[in-house]
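Order as written gives the chain letters A, B, C and D; numbering starts at 1 within each chain.
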Amino acid sequence: MKNCIFTVNENINIAKDVYKMTLSGDTSDIVFPGQFVNIALSGKFLRRPISVCDVNGNELTLIYKVVGGGTEQLSKMTGREKLDILSGLGNGYDINVPGKRMLLCGGGVGIPPLYLLAKRLIAAGAECICAFGFADKCDVFYTDEFKKLGCEVNIATVSGALGTKGFVTDIFPEEYDYVFTCGPEPMLKAVYKKSKTGGQFSFEARMGCGFGACMGCSCKTIAGAKRICKDGPVLKKEEILWED
Amino acid sequence: MGRLSVDLCGKELDNPIIPASGTFGFGYEFAELYDINCLGTFSFKGTTRDMRFGNPLPRIAECESGMINSVGLQNPGIDKVISCELPKLRRCFHKPVMANVSGFSTDEYAEVCERLDGEDNVGWIEVNISCPNVHGGGMSFGTDPKMANAVTKAVKAKTKKPIIIKLSPNVTDISEIAKACEEGGADGISLINTLLGMRIDLKTKKPIIANKMGGFSGKAIFPVALRMVYQVYEAVKIPVVGMGGISCAENVVEMMLAGACACQIGAQNLVDPYACRDIIDDLPRVLDKYGIKNIKDIIGGAH
Amino acid sequence: MGRLSVDLCGKELDNPIIPASGTFGFGYEFAELYDINCLGTFSFKGTTRDMRFGNPLPRIAECESGMINSVGLQNPGIDKVISCELPKLRRCFHKPVMANVSGFSTDEYAEVCERLDGEDNVGWIEVNISCPNVHGGGMSFGTDPKMANAVTKAVKAKTKKPIIIKLSPNVTDISEIAKACEEGGADGISLINTLLGMRIDLKTKKPIIANKMGGFSGKAIFPVALRMVYQVYEAVKIPVVGMGGISCAENVVEMMLAGACACQIGAQNLVDPYACRDIIDDLPRVLDKYGIKNIKDIIGGAH
Amino acid sequence: MKNCIFTVNENINIAKDVYKMTLSGDTSDIVFPGQFVNIALSGKFLRRPISVCDVNGNELTLIYKVVGGGTEQLSKMTGREKLDILSGLGNGYDINVPGKRMLLCGGGVGIPPLYLLAKRLIAAGAECICAFGFADKCDVFYTDEFKKLGCEVNIATVSGALGTKGFVTDIFPEEYDYVFTCGPEPMLKAVYKKSKTGGQFSFEARMGCGFGACMGCSCKTIAGAKRICKDGPVLKKEEILWED
């Protein structure tokens, strides 16, 4: 974890309520795909956790959706703003997994962290098949970017306006060796049920600190209580304990 | 003895800055960021006899200048705290630590304190009689002078460590509770714990916190905390540790003028992990600005 | 009956927005800025039997997201209110107004309410049993269920106007006080009055407020207010008017979900004199955003 | 009273901790010298009342001293900032007074409102003799500006480093017909005692709203309770009731 000032370079609307922000700063503590940063915003007490989409040298890419006052404030930035950021939070995905055909399963703004993951997996010689779910056509983003990395990209929309009508579980490939996933909890549950391989699942929670101090985001796992922010957000499939 | 040093129940602190229980874990996360030996001491995660997972999620809600938490005393239980946490802590923190204890009966309080009595790196035991998160739990002790008195007597009988009773602000008359603790033999009082608060999600139209209500802390509550510290300082003769919404060195000076001999920093650690270190570094500048030679000289100065 | 209309003790309000007593005077300053007939109603400056100058200066201190005031019930006394203010008010405000009443004995409360009983532009009487500023005054009534009950009975015996008792939040159990007022015949409950708070001036090293402590209000206190409204809504069957830190239309919706049938806006008027008008204008947008057809449908919706 | 957005044009340090800020905006409600504006600052709950130094068309001049976090924030503005301002507050000075030789008595940042007053008095054919008090040489500001208006300017400093060593009451002229004054309360008291003519005194107080709603700044006068912000800040000499 590092606390640094980042400078906003660009902040563009790429889908309905979804923005891509690039920033410059000390990214040295962002080591694993699936980690997140926690952004202080003026007038807001708590920081806003946003997953890392990509990191290139000192450039950080974040993709986020406007869901409340904090992300709305973020969306109005136009460039040159200075942001106080805690970076390199969370455990992130572990890419040292068995097999070659990797399934990357993402829903909505759960997709961005899979981008750096795909890059790393492909660099390590793996094949990536993406199963991405969106509500509607206007919500779709970043599919070309994944294709450019060399991923096979399959899309499902709830409305059916683009790709297969339905959910990510409706566009699972026949064969894959391992699944990485990030998205809303109902999607994670569906992926958990449908997938027969090992996998890593990235969870969301309302957080206090984002670095393990407050126990605000603890969840029960097979291996005991874990803090989503520090021991997660990525849990191994075999650790997961679904409540109710 | 530097200009920041203060006395807390007969033990000298290098400075009055103490991260508050529940916002600093057992210190490890912060020890990765800076040398936590710069602190006066810190109050570790509230510990109960048995292991507790705590409350369901969500446990956190944001507020204007503050936050609500409803963690519900998640902790590994006193056995694990003694066998795992305290030895691990010795390696990164070389000063006496403040043990924070919660319980659901006077017996439980007494038992946990007795277990801590033999731990040499525990300098003080802070007894939380005020956690608003646990149904049928700590709340009742902190809102009734008789119960507060009974808990104090029960723990005093089991340990020679200085006992600091941590009070709930959700009461009509804080002075009455503080006096009951003093009469029970408390060596100090710390306050305020969180105010009971609530937020509702406009989208779901239901309370954000799974437990509906939770403890409201952060900068917003400072004026209430300051007022209660001022009142308790007048009500008792034992030392008062002030906390509640402190976010900067100026707040520390203000809290000490109200009567605090030391200050705990809570929610601010969660949004600025360097808060305590930075406040300690900034205190000499603030003392200079207001013409204060030694910080201990100002304790209760506003009375 | 628009989508914003609500019922308050049998009288319809065009909307649930009511400037709180002590932040709106008798309305004249605001009437210079906008047509105050857009309001649901407003609660006028707290009135006592005799004229009062109030507390010495300073009466105001700033806080994070809020302020402390210690005005001490400055008002011209009930005679002048009836002979001068109410006639003057009739000219700029054509709806029933809420009369706010304070006192230092049950007799005084009863007498002031009796005087107001014949005033046709008074729609409701809000009885402040909670003002924290006056030594030996309102405070004690609001912190003791028996006294709260006695005041309620005394005023109910003297007027047919709907009586709304305004509660102090500085108590251990707000539900107990609310129930005592309901039992005494109250037609409604309003809450919360200010939290008792304090600030110290680092330059003088003494309390900023001449009276040392004062009433803390503003955005900072919203989570405490919301929690208490939620609790009181569960405790009583009579209508609840919510207030405390409301600063925007979203806060109004949240407060009504907690159980308020109408909302008072206090400190926000002082920093933004157009606050009430703007909140009324913004409410339809917020209702649309959260899929609410009529605002009265959401009262208590979070339970 | 009017609530408008003003734009900061310039903000310069003119004496120790003293800044002169010019702003553009709707000044139409600023009618009398001695009135004040109330400025909203981000992160501060209460507005900051600052007396009007001058107004020219849509240009407003304020002179203020850094005394706390709010004025410090103001002092850091560099231009183009938008400020939410309540303008035209308070009663201001009444220049329809008997006589021709006017004494303008100011201490420190009590001096700025006397500037617009001097302008108006001179335009109305009066003579202005200024008695200005400062702590030390580094605190002195705006004396040349008053001279340029045609005022006679006399200075006292507590340190004696500039002008007469002492207080404003040590540099009173022999003859004058009326006194206008603004400054710290001990100075107002001294001027009250020393002056033999009628006068108008501008008071300061910690305010809540600044427009008469909260009764946060009431003071006792011969004519009953008055609100410094609304019925003041200027009181006529004959109304003043000194407490203790």
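By our rule, a contact is a pair of C-beta atoms (placed from the backbone, for glycine too) under 8 Å apart; a residue touches a chain by one contact, two chains touch by 3 or more.
This structure is a prediction, so every number in the text was calculated from the model and none was measured.
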{"item": "Mean-CA-position distance for chain C and chain A (Å)", "value": "47"}
{"item": "Chain A and chain B, separation of their C-alpha mean positions in angstrom", "value": "36"}
{"item": "Centre distance in Å when chain B and chain C are each reduced to the mean of their C-alpha atoms", "value": "34"}
{"item": "Interface hub residues of chain B, defined as touching at least two other chains", "value": "61, 63-66, 219"}
{"item": "Contacts with two or more other chains, residues of chain A listed in rising order", "value": "none"}
{"item": "Touch-based graph of the chains, sorted into line, ring, star, complete or other", "value": "ring"}
{"item": "Complete list of chain pairs which touch one another", "value": "A-B, A-D, B-C, C-D"}
{"item": "Residue ranges of chain A touching chain D (in the complex, touch as defined)", "value": "42-43"}
{"item": "Touching residues on chain A, where the partner in the complex is chain B", "value": "1, 3, 40, 44-47, 86, 205-209, 211-220, 225, 230, 243"}
{"item": "In the complex with chain D, residue positions of chain C that touch it", "value": "22-25, 29-30, 32-33, 45, 53-54, 56-67, 69, 71, 74, 208, 218-219, 267, 269-274"}
{"item": "Partner chain C, residues of chain B touching it in the complex", "value": "61, 63-66, 68, 143, 170-172, 195-200, 202-203, 205-207, 212-213, 216, 219-224, 226-227, 230, 245, 250, 253-254, 257-258, 286, 290, 298, 301-302"}
